[in-house]
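Two complexes are shown next, each including chain A; its partner changes from chain B in the first to chain C in the second.
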Partner chain A sequence: MASVLDVQSLSVEFQVNGRYLPAVTNVSLTIEQGETLGLVGESGCGKSVTSLAITRLLSKTARVNGKVLFSGPDPAQRNPVPSSGPEEVSARNVRERELLTVRDKDMQDIRGNEISMIFQEPMTSLNPVYKIGSQISETLLLHQNISPRQAFSQSLEMLKKVGISRPEQIMHQYPHQLSGGMRQRVMIAIAMACNPRLLIADEPTTALDVTIQAQILELMKGITRDFGTSLLLITHDLGVVAEMCNRVAVMYAGEIVEQGSVDEVFFNAKHPYTVGLMNAIPKFDATSKERLQPIEGNVPSIARMPKGCRFAPRCPHVMKQCVEQHPDLFEVENGHQSRCWLSVEGEA
Partner chain B sequence: MASVLLEVEELKKYFPSGGGFLERSTGSVRAVDGISLKVYEGETLGIVGESGCGKSTLGRSILRLIEPTSGRVTFHGTDILKLRKSAMRDMRKEMQIVFQDPYASLNPRYTISQTLMEPMEIHQLYNHASRKQRVQSILERVGLDPSYASRFPHEFSGGQRQRIGIARALVLNPKLIILDEPVAALDVSVQSQVINLLEDLQADFGLTYIFVAHDLSVVKHISNRVLVMYLGKMAELASSDDLFFRPLHPYTRALLSAVPIPNPRVKRERIILSGDIPSPVNPPSGCVFHTRCPIAKDVCRQQVPEWRELRREHFVACHFAEDVDVETNSLPLGRR
Partner chain C sequence: MLKYVIRRILEAIPTLLGVTIISFILIHIVPGNPVRVLLGHHYTAERAAALSRSLGLNKPVWEQYFIWLGHILVGNFGYSYVYNKPVVQMILQALPHTLAIVVVAVLAAHLFAVFLGSVQAYFQDTVFDQVVTVINYFLYSMPSFWLGLLLVIFFAIDIRWFPSGQIINVNDPHPGFLDWLHHLILPVASLFLISVAGWARYMRSSMREALLQDYVRTARMKGAKEFRVVFVHALRNSVLPLVTMLGLSLPGMVAGALFVEEIFNYPGMGLLYWNSITNLDYPIIMAVTVFLGIVTVLGNLLADILYGIIDPRIRYR
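And then the complex of A and B:
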């Protein structure tokens, strides 16, 4: 069966002062059913732009290339009323579509229905003048052939599923009356209302306190487990990746520089940027105080991408070849890739 | 042990409650509600707790950037809450603050040089030539090219701006620096550069730090002792190792267990706290943590727990800290 999401050589350039600048270059990734893929990297590395390109939410100044293959339920065979459990998705009723070329109307149908998104700041995606109940109902009414009354009771069910206490009351409240953690739960309720195959969460817990983050991560884990939803989890926090993800893709300066199973990448990291990230964070469970090992310098601006390896100016292992030649993503081991000349077989 | 540089006693800061149209307009926001602590010369005291627990208000009250409601702050033997304006201004040479968002705290129309000169001018320190020289040497010391002095804040990255914020705090040669979430807005690679810089400066200039943060890994790394706050009150205070490896307060344990550890092979028992932090306008009766505490009993709802030294230099405000102590081996910090 095809992957739920199969992104092939995705590139995004932004037109700035008449020039096209590369924000995302040649990104390829796949997500299987029920799998959680982490997309990790520092700010400005292209994580959000990648997710916005996949969902076609980028502005007109963006030039997008590549393929985004999405396998979802065949619209012709989709059950109008969702079953309560994980949706039966067998090879028979799945259809693969290329999202960059489907019609706008079809894309609107897919968004919020088969692919849902949640963002760091729920306040920007919730409408301040509508009550919580109507915001969830609206999503249901938009995508499903049900009555407002059914939509209302399904909305209430969703609030219960995401662990909101006093759901009847919350249905009648406005977003600003809720705490940050509650709003993020409401966002998840809206995102999951139509039982999507793919959930894209862009830094969903970055603005929350750790105790609330723990609640939300627990909730998202439960959702992927119980509904078989695939999750693209964007984060800058390696701890969140270790806790949540099956596989991880590390982004640097618009490119994936390392990709593999979480275990492989954490215990057998090959790319100097990945290694650098791990050494730069304080070890929470260390008893002795070791000095942190920073990565010197800064992430390059998209207007000044280095020619060879984009990490070369900051890399402690830089060689002549790195400055001159741009490295491919080399296969290190089955399913583990690294974009580094030192990862070429025999040189590691 | 080193001598006490700063002592805070029963410090309180109540804000008038805004009284939104849904809230009762009576009462006040008890942002800081009875904090007592000592800070020793040359140490780093970390302060952690969830947002809204009063960390920033505490830091600002200590410096009298906002006037505390009551309590006492003694710096080097002087009760600074009693100082008049001019004497307080002199005192501020010794006590500086660095904020989370360096951009918001830097004047966008000032060059870096002007930003760094200003405090020396206000305090009439040095002559013009040595001020200039001092700007150059401090920029160099914080890892910035001295030629940047003529540039404006917007020309710098977040990490560089934070270096400028640190330079401005250093320029008067203070004894104490309060660092309020100094690395929270920075990416990890830059965060580690700034943390290392802070450690070096502390060693070189014999600085004392109060390091406020919500990132527990960072606080653990940089602090000698750590205070855990909850709803304006002290929950626990201990050496960094004691607090992180032998925590006594159920809140500390929950907080530690919630931190995602960047190691996919570590499996931990997580203590998930239900609900959100209650409002500081109407804090819960008894122990303020009882509404979210997994081991709360009747007494917790009725009686404010005493602040006691359960182990040497390890303070906690919990009626049942002894019981927690017994379980300490099955700890949130799961060791491999």
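And then the complex of A and C:
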């Protein structure tokens, strides 16, 4: 069976002063049914742009190339009456579509229905002038052939599922009456209302208190498992990845530099950037003499990308080859890839 | 909410009093004397003194003010010096004509401006947007009386589609509703064109800002169509500044109808005001001023109430 999401050589360029500058270069990743993939990297490395390119929510000044193959229920064979439980997706009624080339109308049918997204800013992501109930119902009404009354009761069910207390009351409240954590729960309810095959969460907990973060992560873990939803989790927090993900892709300066299972990448990191990230995590059992090791230098500007390896200017192991030649993603082990010349011999 | 409305109305009383004091002083500062207007060029000093006494104009201004205030508090706005008719009756005759122009023009201009500004913001910086922006600037910077004159010259005199003035065809023994409507179009069009330009610009910038907000991205994420994204999600958030302007524009429109009514010889409040000012007809000037003051207060109140209905974050106590 095909992967839920199969991104092939995705590139995004933004037009700045008449020039096209690369924000994302040649990103390929796949997500299987029910799997959680972490996309990690520091601010500005292109992880959000990648997710917005997949859902085609980027502004028109962006130029997107590559392929985004999404296999969802075939709209032609979709049961007009929505099934109550988690949808049984058998190979027979799944169809693969290339999202970058489908019509706008088809993309609208997919968004919110088969692919949903949660954003970083719960405080501003909900529309301030509409009640919570109608904002959840809207998704249902857009995609399912149901009455407003049915949509309302299904929305109420969703609010219960995302662990909101007093859901009947909250349905009639406005976003400004809720806390950040509650608003993010509402966003999850909106995103999951139509039981999508893929949920993309773009730093869903970054703006929240630490205690709330854990609750929201726990909720997302539970709800995606119950719904059988695949999750693309974008974060800069390796702790979140360890907690949530099956596989992880590390991005640096618009490229994926290392990819593999969480265990492989965490315990057997190959790329010097990943190794640097690991060393920069504060350790709970560190002695007082152990210091955090930041990665020296800065991320290259997208207007002036190095010709060779994009990490070369900051890399402690930089070689002549690194500056001259751009490395490919080399297979280190089964499913574990690293974009480093040291990985090519498979010995480093 | 009711408490809030009552409080706002009570708060408006001192404002209105201030307005009456200032306008009373102003019209007495204006050079000229109503007595001379009424008597024409040839009159004796005795006749002038007698008329001045009978109108109460021989008393000090502050005394005249309190006499006038005492009268209007019991609903007596006096008689027009020139027409010798009760002021209230004259206003009630003129008001419906002005309301017809203003209400139609304001509502049409607002609805159209909201639509046009939204569409412009959505297609910002395209050729369409730029062309509309140029036209808007052109209309916006045009004085209303001049635009009115142009409309008269073109539509009434050159191609004769519409009458050049009046509210009905005076030669028609049975003027009907359609005739009335026919006369309404040009004055309404002048007010409409003037106001739509400015409002559309406000709407454009307000909508531009709204379209960049996170909740708009959320709406797209839900799979909402672009029409819905703009006119359901962004519109209700971006229309707030225009609602404020709607309230504030009401008195301006009544007064702005002044030039339009003068040009089209349309017997509404504007023309009444205009004629009473040129004739120094104090009772009418004061009554219309009080009326405009009340409209201003009510317009503001209306804007605030609408604001609270559109934006749930605003609640009045």
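Annotations
Here is the rule we use: the second predicted complex is superposed on the first by the 335 of 348 C-alpha atoms of A that agree within 3 Å, B and C clash if a C-alpha of one lies under 4 Å from a C-alpha of the other, contacts with A are read in each partner's own complex, and residues count from 1 in each chain.
Basically, a residue touches a chain if its C-beta (ideal position, glycine included) is under 8 Å from a C-beta of that chain, and two chains touch if they have at least 3 such contacts.
This structure is a prediction, so every number in the text was calculated from the model and none was measured.
In the three-chain model built by superposing on chain A, chain B and chain C fit together without any clash.
Shared-chain residue A:Y174: touches chain C; no touch with chain B.
In the overlay built on the shared chain, the residue A:D285 is in contact with chain B alone; chain C does not reach it.
By the document's definition of touching, of the two partners only chain B reaches A:N298; chain C does not. Looking at the shared chain after the overlay, A:E218 reaches chain B, while chain C stays out of its contact range. In the superposition on chain A, A:L238 contacts chain B only, with no contact to chain C. Of the two partners chain B and chain C, more residues of chain A are touched by B.
Centres of mass aside, this uses C-alpha centres: at chain A, the angle toward chain B and chain C in the superposed model is 80 degrees, to the nearest 10. Once chain A of one complex is fitted onto chain A of the other, the partner contacts of A:S43 are limited to chain B, with no touch recorded for chain C.
Judged by the touch definition given at the top, the superposed model places A:P272 against neither chain B nor chain C.
Legend: residue contacts after superposition of the two complexes on their common chain; A:L126 is shown touching chain C, with no touch to chain B.
Minimum C-alpha separation, chain B to chain C, in the superposed model: 6 Å. Comparing the two complexes, no residue of chain A contacts chain B in one case and chain C in the other.
Contact residues of chain C toward chain A in the complex are 213-215, 217-226, 233, 236-237, 310-313. Those residues of chain A that touch chain C in the shared complex are 55, 57, 104-105, 108-113, 116-117, 119, 121, 124-131, 138-139, 142-143, 174, 176, 187, 190-191. Contacts from chain B toward chain A in the complex involve residues 22, 50-51, 157, 159, 187-193, 195-196, 199, 214, 216-218, 220-222, 241, 244-245, 254-255, 257-266, 270, 272-276, 333-336. Residue ranges on chain A touching chain B, taken from their complex, read 42-43, 165, 177, 179, 181-182, 209-215, 217-218, 236-243, 262-263, 266-267, 276-278, 280-285, 287, 289, 291-296, 298-299.
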